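Two complexes follow with chain A in common, the first pairing it with chain B and the second with chain C.
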Partner chain A sequence: MSTRERTLWIVAGIAIILYALFPIGWIVSLSFKAPADISNGQFLPTVFTWENYSLILTGDASELFLPALLNSFGICLIATALACLLSMFAAYAIARLDFPGKRLILSTALGVAIFPVISIVTPLFNLWRQIGLYDTWPGLIIPYLSLTLPISIWTMSAFFREIPWEMEQAAQVDGATTWQAFRKVIVPLAAPGVFTTAIIAFFLAWNDFVYGISLTSTGAARPVPAALGLFSGASQFEDPTGAIAAAAVIVTIPVIILVLIFQRRIVAGLTNGAVKG
Partner chain B sequence: MTTTAPPPTTSTAPAHRAHVSDRVRAEKRLGWMLAGPAFAVMLLVTAYPIAQAVWDSLFSYRLTDPGNRTFVGLNNYWVVLTDALWWQSFGVTALITIITVSVELVLGFALALVMLKALNWLRPVLRAVILLPYAIITVVSAFAWQFAFDLTSGFVNSWFDWIPGISADTDWFGGTGTSLLVICLAEIWKTTPFISLLLLAGLAQVPDVLQEAAQVDGATWWQRMWKVTIPNMKAAIMVALLFRTLDAFRVFDSVFVMTAGANGTETVSFLAYRQTIARLEIGLGSAVSVLLFLSVVLIAFGFIKVFKVDLSQARGEK
Partner chain C sequence: MASVEMRNIVKKYGDGFPAVNDVSLDIADGEFMILVGPSGCGKSTLLRMVVGLEDITSGDMVIGGKRVNDKAPRDRNLSMVFQNYALYPHLSVFENIAFPLRLQKTPEEEVRKRVTEAADVLELHEHLERKPANLSGGQRQRVAMGRAIVRSADVFLFDEPLSNLDAKLRGQMRTEIARLQRRLGITTIYVTHDQTEAMTLGDRVCVLRKGNIQQVASPRELYEQPANLFVAGFIGSPPMNFLPATVTNGQVKFPFGEFQLDERRAQAVGDRELVLVGVRPEYFEDASLVDDAKRDHGVSFTARVDVTEWLGDSQYAFIPFDASDEVTAQLRDLSRELDSDQLRTQAVVSIDAASRMREGREAEFWMDTRKVHVFDPKTGENLTRDDEAGAELTRLATEDREAQVEEARSRI
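Here is the complex of A and B:
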């Protein structure tokens, strides 16, 4: 590669970095603006202030934000764990056993993944009100499985297919018991796939908005995106821009941490499930 | 005494076959025992609700007036399909889908090329930053873009007032066209990374030998791109297109946050939401939901039949 070409690709790379970070930088900058500063028409605040963060973490808006944050974490983690548990068994069967219905299961997973969420929410809204699941954690965890389960089955079977299963027998030949072979050989090989799947499934659940606004009515179960979406219209007396920006930054932090630490695995998981064999 | 030899072979063969079919049956049973629960849960959380929606759509049913639930057959569908509102939101959804997916395909391809060519130290950095828009909550991205263009909190008007037509009081969310433009920008920013990662995986699979052979034959960069690279990654392109088109057709979050469907920006998902959750018209809302579901199925079917998207390849079953 010539020096000129090299510089060109580096410039293109920097353009990508700007592309990805600019809107995030903007919402961070906005979250540090004081109310009077919000309309300054500039990207950066004239004075940095923690006012918006104290408003949502300890101030008036904390009653709205903190329960929502707890709901989001609780509901998403449970929905992710359940999906991973169920798909671990399914993916093992798909990767290792030969049985009719394998294709059916994978096609169903694909079908569920492309399902318009709003078509599920309409009947659930009615049903949940009748059986008392409306505005509860289980009332969101169950529909969240429609988001987390298909991608988990898909991604995990792609990972499991790449595991050299014959190593299990090799270990047994070398004198390991079945349990030892499983624990010392298979678990370490399968764990990264399961873990990566969990991260991707968590992202999907964390991102949900439709279920959140439709199947909840109070802070009892409402997750952060829904609380944010409805917060903008709810408080008329005060400009909510700064508070929304601060809350948006806080819910983005876990995502950024996961991406920075596990970027290589996440990319492998996303593309393994979709394109590669 | 030649008759003694055959009996053993005839008796062992069926036994052997029975043994095999036993094993097959046991494997089948184990397979369904392991995969069955996941399969059942998937059906429970989607097939059941959509069946319920089809059933509900046959009734005139308002939650505020539950006593008056009457069977009306396909009348709700007639009402929806003859209403200009449905066609308006259908058109808006189709427009958003076509604009975002085509821009994303071109932009995503460019990003994938840069990532492929990036130097070793730069590649992990690019991979990490490109994942951020993908992983960020859609509502957060929608707010970021809305606040950027907003009349009071935005900076776009003061930054770009040198462009004719943009001034300090340009109200982006005041009209249909400009509102849709901002919605599309937010969607494109958020979902291009997904397409570009799928395309990057496809690009990496194009054999270098082919590229080199074409180069030796004197093909230009452009010719190599069109004649070698793109035909060889057609499957990856089609899978990326299919997933994104279906995803774009369900657009809801950004519309809800930015315009709440005002100024003719209502999408099909938003229409279904408004009928059911806001107006409590379960019958009509269900009809819209079922129609949205059918549209998505038709798009998927069209892709698979017309463009011959091979999903078994997508699944890695070569």
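Here is the complex of A and C:
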């Protein structure tokens, strides 16, 4: 690569990074601005302040934000764990067994994945209120499974299909039961797939807004994205922009940490899935 | 250790196609049996039915005197080496070899001892802590074998274990497998499409074609007394030449001349309008280099040499001959079925490396007629097969094997 080409690549790369990171930088900057500073027309705050953070973590808004954070973590982790476990079995069956209706299951899963959330929300709202799931954790975990399961089944079955069948047959000849072969050979081999699936599922659940705002009414189950929409300013005439920005920064942090930890596995996983299956 | 008996084994797939058709085969305790044939002949399917990875449509599979048709693979106590090794990539070499023992809940001390023993036999010591991904092809192959021998299985099964290795390594591992089997004296079934492996490793070789057994015999018997065209063409490299001929009163008229069959063969063949004469390449020689003592046992003829291949220790000459369309078509079908790619009707002739035969010129050849076979082109049957001589060859091989197994057991 010539020097000129390299310079071009570097310049283009920096431009793209700036473009992608600008909104995030803006939110971070907003979260450090005092209310009077918000519309100062500058990118950086004139006075650097932790006011917004203390507002949502210890101040007035903390009653709204902290339970929501707990709800979000709890609900999303449970939904992810369930989705991984269920999709692992489902995907294994789809990859290994030949049973009638296999294609139907896969296409139904795809159908569910592309089904608009907004069209399910109203019937769910009515149903949940009647059977007492409204404003509870299970009341959100169940619809979140409908978001996470289809994509989990698809990614996992792509991973399982890549594992040569001989691995399992070898284990069986070596004296393993089907369950032992699954647990000792297939699951460890599919570990990157499980991680990838878990992260995708977690993001899907973590980012949901429509279910969160529609199927909850109190801090008992309301997740963060819904809670952000309910923030109010110090007075009726003041937008809670700074507080929302601070909360947005806080909910982004776990996602960034997750990605950093599993980065290599995700990249390997995503390309694996892309090449085959 | 156990014998394996297959009684009228049939495997039909969903579409009713019989991959294995009525196969009956007895494998003695301690015997090294080779299943060989071109691709699609059902050899791997048969092996997988022995181990239990494939259901048996009908017939009985008896291992060590017990019918195992309905037993799961893990209850059959067999060990298998797969074509692609099927090592567990997440486990170290040690744990790979120890895997069957761990499943049996063997105590740690015993595991360590047996794995070390297996690693000794296969010279895997310095690799025990490495992962399979960091090993070379030959080392992986040895790990797969280690996993098979670490447990006292009744029968070893090999499914084309050497086909993923390069030629040099294949030769080494072949010797290794032969040594190991002789040493352990365990019944072995070995699937291959490579006839060199079949000839060098097996006590007996079972040649399969489209799910049917063609012949089961010692390598020597297969070579010298093949049962039919298929076996004759499959065993031997370069393959046997098939020349069209007519026979009257034991006098054979073939494209390069005429010769007289001995009495036994003349009687067996009778008078026939069209036969195929099977001649191995090494029955030919450059006429000028033949010993006078031998010359009377054959027939001399002149023919035009198309191409010669000089290999240092040996030399091959290719002689084209004319054949009717019917014969040409049949030979082509046969070579296609044998996975070979012979396109012309030509004889491959092995001559002395010292011969200075020139390409494109006429040359004088000599052909030994003593071991020539005559085949019926319609049925493919070998009309001149000497059953007694064949049986004698296999009996000798069996004796050899029994002596070796005896020796192996006395050493333990």
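What we mean here is this: the second predicted complex is superposed on the first by the 236 of 277 C-alpha atoms of A that agree within 3 Å, B and C clash if a C-alpha of one lies under 4 Å from a C-alpha of the other, contacts with A are read in each partner's own complex, and residues count from 1 in each chain.
Following the convention adopted for this analysis, a contact is a pair of C-beta atoms (placed from the backbone, for glycine too) under 8 Å apart; a residue touches a chain by one contact, two chains touch by 3 or more.
Because the structure is predicted, anything quoted here is derived from the model rather than measured.
**Q** Check the residue A:188 against both partner chains and state whether it touches chain B (first), chain C (second), both, or neither.
**A** In the superposition, A:188 contacts chain C only.
**Q** A:169 contacts which: chain B (first), chain C (second), both, neither?
**A** The second partner, chain C, only.
**Q** Counting residues of chain A touched by each partner, does chain B or chain C come out ahead?
**A** Comparing touch counts on chain A for chain B and chain C gives B.
**Q** Quick one: is A:69 in contact with chain B, with chain C, with both, or with neither? Answer first, second, both or neither.
**A** A:69: touches no partner chain.
**Q** Contact-wise, after the overlay, does A:79 reach chain B, chain C, both or neither (first, second, both, neither)?
**A** neither
**Q** May I ask you to decide whether A:180 touches chain B, chain C, both, or neither, giving the answer as first, second, both or neither?
**A** In the superposed model, A:180 contacts chain C only, not chain B.
**Q** Quick one: in the complex, what on chain B touches chain A?
**A** Within the complex, chain B contacts chain A at residues 27-28, 30-32, 34-35, 37-39, 41-43, 45-46, 49-50, 52-53, 56, 63, 111, 114-115, 117-119, 122, 124-141, 143-145, 147-148, 150, 152-155, 157-159, 168, 189, 193-194, 197-198, 200-202, 205, 235-236, 239-240, 243, 246-247, 249-250, 252-253, 256-257, 260, 269, 272-273, 276-277, 282, 285-286, 289-290, 292-293, 296, 300, 311, 313-318.
**Q** Which part of chain A faces chain B closely enough to touch in the complex?
**A** 6, 9-10, 12-13, 15-17, 19-21, 23-24, 26-27, 30, 38-39, 41-43, 86-87, 89-90, 92-94, 97-102, 104-112, 114-127, 142-143, 145-146, 149-150, 153-154, 158, 161, 203, 206-207, 209-210, 213-214, 224-225, 228-229, 232-233, 239, 241, 244-245, 248, 251-252, 255-256, 258-260, 263-264, 266-267, 270-272, 274-277
**Q** For the complex, give me every residue of chain C touching chain A.
**A** Going by the criterion above, the answer is residues 51-53, 72-74, 78-80, 82-84, 86, 88-90, 99-100, 103-104, 147, 151.
**Q** Sort out for me which residues of chain A touch chain C in the complex.
**A** Contact set of chain A toward chain C: 164, 166-167, 169-177, 180, 185, 188-189, 191.
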